[in-house]
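What follows is chain A paired twice: with chain B in the first complex and chain C in the second.
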Partner chain A sequence: MVKHWWKILAVLILLYTIFAGILVPLKPGILEVYPITGETGQSINLKVTGYNSHYLDAQQKPRVWLKYDSVFAISASEVNLINNTRLDARFNLPNNVPGGKEVTELSLIIHNDIDGPSLLPSAIFLKQTENASANSWQSDIISNLPLKEGIQFPYRSNLQESIRNLYYHVPMWFAMMIILLIAAIYSFLYLRKKEDKYDHLASSYSAVGLVLGILGLVTGMIWAKYTWGRAWSWDVKQNVSAISLLIYFAYFILRSSIDDDASKKRLASVYNIYAFIALVPLLFVIPRLSDSLHPGNGGNPAMGGEDLDNTMRLVFYPAVIGWILFSAWIANLFSRIKSIREKLDIKKYEISS
Partner chain B sequence: MNTLSTNLMIKKIVLTGLAQLVLISSILAQADTDFLRSTGKIYTVVAVLALIFIGIVFFLIYLERKVSKIEKEIGNE
Partner chain C sequence: MSGILFPMNNQLVALLKKDLKIDFRQQFAILGIFLFVATTVFIVFFSFKQINPREFVILYWIIFLFAAQNAILKSFVQESGKRHLYYYTLTDPITVLISKLIYNIILLLLIAFGTYALFQLLAGPEIIDPKLFITAIVLGSLGIGSVFSFLSAIAIKAHNSSVLLTLLSFPIIIPVLMLCIKLSIMSVKLNEAMITPLPFEEYQSDLAMLGGIDVILLAMSLVLFSTIWKN
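Take a look at the complex of A and B:
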């Protein structure tokens, strides 16, 4: 029992991440508005649908703005509350689009004392028309937006609840990297010491790493379908991770194509070390050199700002540790089976000869 | 010879399993119904968790077959 502590820890951590990752609510947000277009000088009534919001329960009537940039905005002339997640906001749209553009996008901001601020980027399109009206932009009217306290995950309008996939999709890749690193270290140890158990460990860890990679790719495709619009959009990170999986498929093809046991293990070890070294620039350098749909690429530092706030860190980092320990457990089990298999084969060979 | 053919069979089973995994996911991903988009896209999280579980189960089946082969051989001696 004592030596199994890390397996128990792995299961407890994963249970925590599943429960915390699913049950912690999202911050209030704005689901949609209707209509989504408006003309300059027009008076429009926006039907706003909120998410996890408390428009009626709030002490303070929600304040609603349409925002062009950090200076220009307009506040709603009239706000009607229908229920906690529905409100109508009337706007007298200004008579010009700033910067002389024909069409521009405006963001919607709502604030009340229970929900804190919520934002819908590109909520409506404002079209320039010839309209003689006296409405104009107000400047610097959005102020005093105290944030909401408490443990809640951020609301992003394109992700919504699927932001929780961060705790299940991304740890697959983190765990894969660590498990494949361990596999490469065991391959190195095999080359140094020529003990069979190191080869069993290396191939088992590689197999588990490959399974994690496949799961990471497939879960990513589901997530991408419902946030980026397509399961496979030839994003640079999708491409390089597919290539790195192919490199590890080749490792197993190499292993099964050599009959001589000693040279199989030696060659496979060398290839495994090479494969891991190839993985580092593929997964960590190339995605940062070009634009990607993944956050933290195209020159940006990963894992920062709104993409991973402090509340999410409380679940995300344990999830990474939990998956590493859990995968190491499975890999160890696999390698023990391989060791028994080989001992049995040697015994059979000795009996027959 | 017998071990070799069983080995091949296991490999076939695992490979078809993985192919099915990809197939299921592509069906889930291509379904035009808005089910996975409903209630704040929470069902994408359910789908992801279910897939990870299915992946682990396939790996367990693979290990299970390896162990039962060893058991059979030890029993035969």
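Take a look at the complex of A and C:
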């Protein structure tokens, strides 16, 4: 039992991250507004739809602003609450666009005491027209926005609930890289020591790494279906990950196409090391050559900095460790099965001869 | 140092001479590859009629890739089995690999420039930056040559080696090929407005990446080759 603590730990961590990743709610956010365009000097009534919000339940009436930058903003002249997730806000739009631009984007900010602040970037477009009115920008009016702390995942208007994929897709890729690295190290040890167990370990770790890669690709495709609109859009990151899976399929085809046992193990080990090192330019160089929709490229949110908040860290880092430990356990089981099979084969051969 | 290097150099020269002689005697193999290139180029021009510079560069590299695969597979397959054992008794594996690499890379350069000459003869785009185009061809031949030479040494030990070589090498060659295509597209005249070559800053990072990948692939081939050879 004492020996197996890390396997129990792996299962517990994985269960924790799977349930926490699914069950923890998102922070309140703003789903959409209508209309999405406005003209200067006009008075518009914005129909706002919130997400996980408590507009009616709140003690305080929500405060609503349209924000241009850190200085210029306007507050709503009138706010009507319809239900917890719907409110109407009337704005008297100012008579000019700051900086003399033709069109600008304004962000919508809503704050109440239960939800804390929520923001919709580029909520409406403001167009410069000749309408004359007395409305003007107010400066430094957005203040007193206490953040609500709590066990909640951040709300991002371009990701929404799909942000949870971070706890499944990303740790699987992390674990795949670590597991394939271990496989390459075992291949190296096989070439050094020529002990069969290292080859069994290397091929088992490669197999588990391949399964993790397939899972990573599939979870990514499900995510892409809902955020990019299509499961497979020939994005450069999708392409290179599919190619990296091909490399490891080729490894298993190589293993099965050599008859002689010793040379099979030796050549497979050589190819495994070569393939792992060739994987590095494939996964880390090629995606920089062209534009990608994938988070982390071209201004899309990724891990690190403000995109990974403390609640997400509580689930994300354990998930990485959990997947690595769990995969290592399964790979070790596989390699033991292979060792036992080989021993049984040898025994059978000895008995029959 | 020279005492160690001299015999190796002699062996290297002898091995290179041997490869050259084999190719002179079995002219069908090497001529076959040039015929393969010519046929493919003709098919491309027949079917495309008019070809824009971008497509030209991509087709050029794809034709080159398949020609290179055929050429290199031949160089290991034609001396199988016992002859390897014979070389092993005479010299060390690194010398054999280096001789193969030098020979194959020169062969690939010949194929690359031959294919290019054929394209130009028929109707190719104007190359505005020949230095960049030649650098891309040289670095591409280096990378593709080293991957194919190393992996065909693995593939010939298995059944169905030509299919296996494709399976093993194409995923690994993709970064090199993508960089080569990108660099050579930068070196051709894409439209009438382009008069001067792109400034060096535009492509220096790609060039450095391609060189870096080549160095990694070559170094790994040299390190790992001795373990394949012993049989």
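The criterion applied here is as follows: the second predicted complex is superposed on the first by the 319 of 353 C-alpha atoms of A that agree within 3 Å, B and C clash if a C-alpha of one lies under 4 Å from a C-alpha of the other, contacts with A are read in each partner's own complex, and residues count from 1 in each chain.
One rule holds for everything that comes next: contacts are C-beta pairs under 8 Å (C-beta built on N, C-alpha and C of every residue); 3 or more make two chains touch, one makes a residue touch a chain.
All of these numbers come straight from a predicted model, not from anything done at the bench.
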*So, A:Lys7: does it touch chain B (first), chain C (second), both, or neither?*
neither
*asked:* On the A-aligned overlay, A:His54 touches which partner chain: chain B = first, chain C = second, or both, or neither?
replied: neither
_Just checking: does A:Lys148 make contact with chain B only, chain C only, both, or neither of them? Give me first, second, both or neither._
neither
*Is A:Lys127 in contact with chain B, with chain C, with both, or with neither (first, second, both, neither)?*
neither
*Could you tell me if A:Leu282 is touching chain B, chain C, both of them or neither one (first, second, both, neither)?*
second
*Give one of first, second, both or neither to describe whether A:Arg86 is in contact with chain B, with chain C, with both, or with none.*
neither
_Complex interface listing, chain A residues touching chain B_ = 18, 22, 26, 31, 51, 159-162, 164-165, 168-169, 172, 208, 211, 214-215, 218-219, 221-223, 225-227, 231, 330, 333-334, 337, 340-341, 344, 348
*Which of the residues in chain A come into contact with chain C in the complex?*
191, 243-244, 246-247, 249-250, 253-254, 257-259, 263, 266-267, 269-271, 273-275, 277-278, 280-282, 285-286, 289
*Okay, in this complex, where on chain B does chain A touch?*
18, 21-22, 25-26, 28-30, 36-37, 39-42, 44-45, 47-49, 51-52, 55-56, 59, 63, 66-67, 70, 73-74
*Within the complex, which stretch of chain C touches chain A?*
150-151, 154, 157-160, 164, 167-168, 170-172, 174-175, 178-179, 182, 206, 209, 212-213, 216-217, 220, 224, 227-228, 231
